[in-house]
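These are the structures, in structure tokens.
Note that chain A is present in both complexes that follow, paired respectively with chain B and with chain C.
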Partner chain A sequence: MAAPAAAFEVKTLSPPPPPRRARGVLPGFGLTLGYTMVYLSLLVLIPLSAVFIRSLGLGWGHFYEVVTAPRVVASLRLSFGASLIAALINVIFGLIVAWVLVRYTFPFKRLVDAMVDLPFALPTAVAGIALTALYAPNGWLGKWLLPLGIKVAFTPLGIVVALTFIGLPFVVRTLQPVLEDLDREVEQAAATLGASAAQSFVRVIMPALWPALLTGFALAFARAVGEYGSVIFIAGNMPMKSEIAPLLIVTKLEQYDYAGATAIAVVMLVLSFGLMLGINALQHWALSRHGGR
Partner chain B sequence: MAAAESRTAGRSPALARALLIAVALSFLGLFLVLPLLTVFVQALAKGVGAYAAAILDPTAWASVKLTLLVAAIAVPFNLVFGVVAAWAIAKFEFRGKSTLITLIDLPFAVSPVIAGLIFILLFGSHGWFGGYLKVHHIRVVFAVPGIVLATIFVTFPFIARELIPVMQAQGKDDEETALSLGATGWQTFWRVTLPNIRWGLMYGVLLCNARAMGEFGAVSVVSGHIRGLTNTMPLHVEILYNEYNYAAAFAVASLLALLALLTLAGKSFLEWRQPELRHAARQGRDRTRREIT
Partner chain C sequence: MIDDKRRRIGREYFWFALALIVILMGSAHAATVKLLNASYDPTRELYEDYNKAFAAYWLGKSGDTVTVNQSHGGSGKQARSVIDGLEADVVTLALAYDIDALAVQAKLVPDNWQARLPNNSTPYTSTIVFLVRKGNPKGIHDWNDLVKPGVAVITPSPKTSGGARWNYLAAWAYALKQPGGNDAGAEAFVKKLYKNVPVLDSGARGSTVTFVERGIGDVLLAWENEAFLAVKELGADKFDIVAPSLSIVAEPPVSVVDKYVDQHGTRKVAEEYLKYLYSTQGQEIAAKHFYRPRDPTVAARYAKQFASIPQLVTVDAVFGGWTKAQATHFADRGTFDRIYGQ
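Right, the complex of A and B next:
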């Protein structure tokens, strides 16, 4: 009971709220917010709700039957599994790339830095056919991997390669500003106190990087789960083996199975949104812990 | 300070530093440079003559024109929305602001395939408005309007998310001064706000345009793949590739790769003009979040 009273006390002590017309100094609030809401609703919210409303029409039994079909479960498992592996690869190498770009100087650094955004700029279909040509059994890389018994193109491994490409910029770009802001004096203090480079990395640098790493991971993962263009060329697209969930949606649409396509879409949307919310909450928690130090 | 600097430098041996740079550059070389190189090498594999023939082919030309048309409609739509939404969000305080920002970002969390699917569910022959459209002989899906809608959906957040932090950083003092000196709302916007945000605006347009021209998944679902009519460049690449016409597929792909390189160059130029743009989106979001919580 004491806490709300204290909160009330603080509130009365704070300066009085600005006069009502403070918002009215700049014009256009109603117009711009109204336009934003209408445009957002017409182009995003209402169309997106169509998926959920249409899936309700399926009935629970039919919906359950569609989404638990072995081929659907296999495709969802593949999409989320491959995305998880790709996002983890990007966390490890993204950390190294961001570190190198922020801390060290080397020739053509600016060019390398600019190239990191290539996966954002290169159309996914182009990335798809290029990676396939590279990793196909007669490709520049595939040729060397084949004698080692490693097949990349037309296997789930190829999917991981494509999703790693797609998610590459996210971890680097979320880590860079955090690394730039990192106070080096703390590291120097750790060094003066006798910490080794490894100790200082684990105890001093990593705790500050966790929230950004988590954000980068989440962004790369979310992007990878829904990815289509770069994957379908390299995947081989064999049902149960190398067929990703977005492709299965397309396949069902081509067979005029709208109900099936909608059901898979709903599962994907719910899983991704749920995951993003969870990671958001986790990040919020990490940020508040770190911020409160 | 200098002594401390050299001490830490001594603690981080040159070997580790060289190793990290090597790992980062190998990773980027493997995942970024090699695929990009492949596109151009494969495009010219059958000689310059075949390359020119593939690009000058009438269906290839039709796909180039359609891609330009779609971007020319989708980008201005999202540009107006971006400016309007940023005005409402950056210049005014209101409840539910963070929810609104999350909703604007929503299309980034939706698979492109699902983005296409939702417009089939709305405007397809079995869709909500399918009957009405059929009676009035209006084609949305499997025609250009559907491609435009799907493109607007997937590029929806680009310009808004770049402009919101830029406008927030500008504050509203300039505008309030202009208004107090007797300028009208429109004059203030055109003469004060717009010049202030022009680099951020160009940045957003650049990224939005790259995605609009390169979008594959969403457009693939709604296009119907009618050669010469509803094929954008990425879809044309797919068709040529699936016909085993690799040189032609990579020739058209090389045009898209050039667009990507131009985008990266433009992006670097704008970041050089306005260094805050680099991490503006992320920092803006964090600031908004902090203000609200």
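Right, the complex of A and C next:
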């Protein structure tokens, strides 16, 4: 990389360049980095540190007491567990949706493609109410599921349904461009070399998709962990059973317990951040292993 | 033809709009006062009517035009918004605890705010009744029918809904007032009742939707005004209202927010706005919206429209006021947390 750049500069710049600034190909690194830092600080860092500072008001002993209360632990387990399941479902079915949308042409394809974005655009409360109406015991779908012994609305299963709904676009939209870029000739080459369809899927297509799939997973998961509006209608909100962590935060606020609310928020933040770091590391590993771009 | 007609209509609209603009510009010069009333959810229709009546009254009395803007939401959420800087001139909330919070958390009102207006600053009251499905198929007549096996009770979580705290206290008071009743017995009774609750919505309107639209549950614990509204809006052929033998007087209080009225210079009109709630006309409007009026003459006139409940108790008499009730029952590790085994 360095050699061609140097050659390029020597050829085009007739006056000798300032010695230290010779390496930047794109201008304005200092400016954009400064802007990035200010922007991120204003938008992310300062509000989040406010959360941390507010929870400090509790003192360590009390903080520990709040976040290890059985009801809080149960809600955190539910929030992260349901989000994980929902993100996994989205990875599998989102991949299929993206595949169909990229690889095949069929009537109303544009319409179907636009439909994928609906969970983005819909106010989450509307989504929650619609899903609850659908899956309630007297709803269009709930009515048929009930005789089979499947209850969706007002159970943890309902939470997974809501979180799957809101997470779908994240996986589809991250996969689509990668699938479009995928060279079909590589698959054909694999076929001519005697690879079965399954083999070329696992060994040729999947390695190129892993990084995007992980990104989609991470986005869908992160979105699901913080979701409140749609879940609250379908969850039933029973303590220890179907109560999500964001609801407990709202509950604490309702009692003017700002410190307790932020304590739960801090735990969610730390857990989410840890998981995101882990997913990023996994992605890095997938990239380096498969040499994808 | 059609085109011509459309053009004519268009022209009419144009003149109408122009006239409106002229009128609005003219009125901008007259004295106008703006008030913001932060209220809780089910009072929307009540205050829409009341604001009109008050505006007419105030125009006649002082010559000033007053516009009252409304903000609605869960009672606790509204109190938090005001604490966090929503500059409401008056608050009209679901329970005294939420206005107490304005005093305790942010010193927006003095500690004795509730003594400033008659009747504990509560111009109208309500009570907790049962809304059951038409014909009352499960035979629900009193609180002790709610703990029977196979009866599904719909009520919001008292942790998140201010209104639902009245439901909880009413059930508690019922058990307490039974022969040989005591706190331990009341806790066991309430625990049994909440065992029959399949869904804990976060707010009162959410519970109404669960009961009415989703068809879940046999009985909805509701404020009397909400129950009447549900029957009126959704048809008397679907639901019946059942009055229990004992219930609690739900007192939604009102207060001026001292810090903000002094900043805005609206103290006088804001105080009048709340006082007028106690006038015959204010009481009439409250009664029309199924709130129980305080004024005995108005109350007598509307007595027939309300459920007849033999015994009505107050939070002050049975629970020693809201601060104490909140600490005992709804704070962390209070009785509500205990009945869910925490």
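As a working rule, the second predicted complex is superposed on the first by the 247 of 293 C-alpha atoms of A that agree within 3 Å, B and C clash if a C-alpha of one lies under 4 Å from a C-alpha of the other, contacts with A are read in each partner's own complex, and residues count from 1 in each chain.
Rule of thumb we're sticking to: a contact is a pair of C-beta atoms (placed from the backbone, for glycine too) under 8 Å apart; a residue touches a chain by one contact, two chains touch by 3 or more.
Worth saying up front: this structure is predicted, and the values here are computed from it rather than measured.
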Combined model on chain A where chain B meets chain C, clash or fit: clash
Which superposed partner A:A133 touches (first chain B, second chain C, both, neither): both
Chain B versus chain C as contact partner of A:N237, first or second or both or neither: second
Touching partner for A:Y35 - first (chain B), second (chain C), both, neither: first
Partner chain in contact with A:V270 - chain B first, chain C second, else both or neither: neither
Chain B versus chain C as contact partner of A:L253, first or second or both or neither: both
Contacts of A:R71 with chain B and chain C, given as first, second, both or neither: second
Which of chain B and chain C A:F154 touches, first, second, both or neither: second
Touch count on chain A, higher of chain B and chain C: B
Which superposed partner A:V186 touches (first chain B, second chain C, both, neither): neither
Region of chain B that runs into chain C when the structures are aligned on their shared chain, from 39-47, 165-173 or 237-245: 237-245
Overlap of chain C and chain B interfaces on chain A (superposed complexes): 129, 133, 139, 233, 247, 250, 253
Residue numbers on chain C that touch chain A, as the complex places them: 74, 76-77, 80, 83, 101, 104-105, 157, 159-160, 162, 198-202, 206, 209, 213-216, 326, 330-332, 337, 340-342
Residue numbers on chain A that touch chain C, as the complex places them: 69-71, 129, 132-133, 136-139, 153-154, 232-233, 236-240, 247, 250-251, 253-257, 260
Partner chain B, residues of chain A touching it in the complex: 23, 25-29, 32-33, 35-36, 39-40, 43-45, 47-48, 50-51, 54, 93, 96-97, 99-101, 104, 106, 110, 112, 114-127, 129-131, 133-134, 139-141, 164-165, 168, 173-174, 176-177, 184-185, 187-188, 191-192, 196-197, 222-223, 225-229, 233, 246-247, 249-250, 253, 258, 261-262, 265, 268-269, 272-273, 276
Sites on chain B touched by chain A in the complex: 4-5, 7-8, 11-12, 16-17, 20-21, 23-25, 27-28, 31-36, 38-39, 42, 81, 84-85, 87-89, 91-94, 100, 103-104, 106-114, 117-122, 124, 126-128, 149, 152-153, 156, 172, 175-176, 179, 185, 189, 207, 210-211, 213-217, 220-221, 233-235, 237-238, 241, 246, 249-250, 253, 256-257, 259-261, 263-265, 267-268, 278-279, 282-283
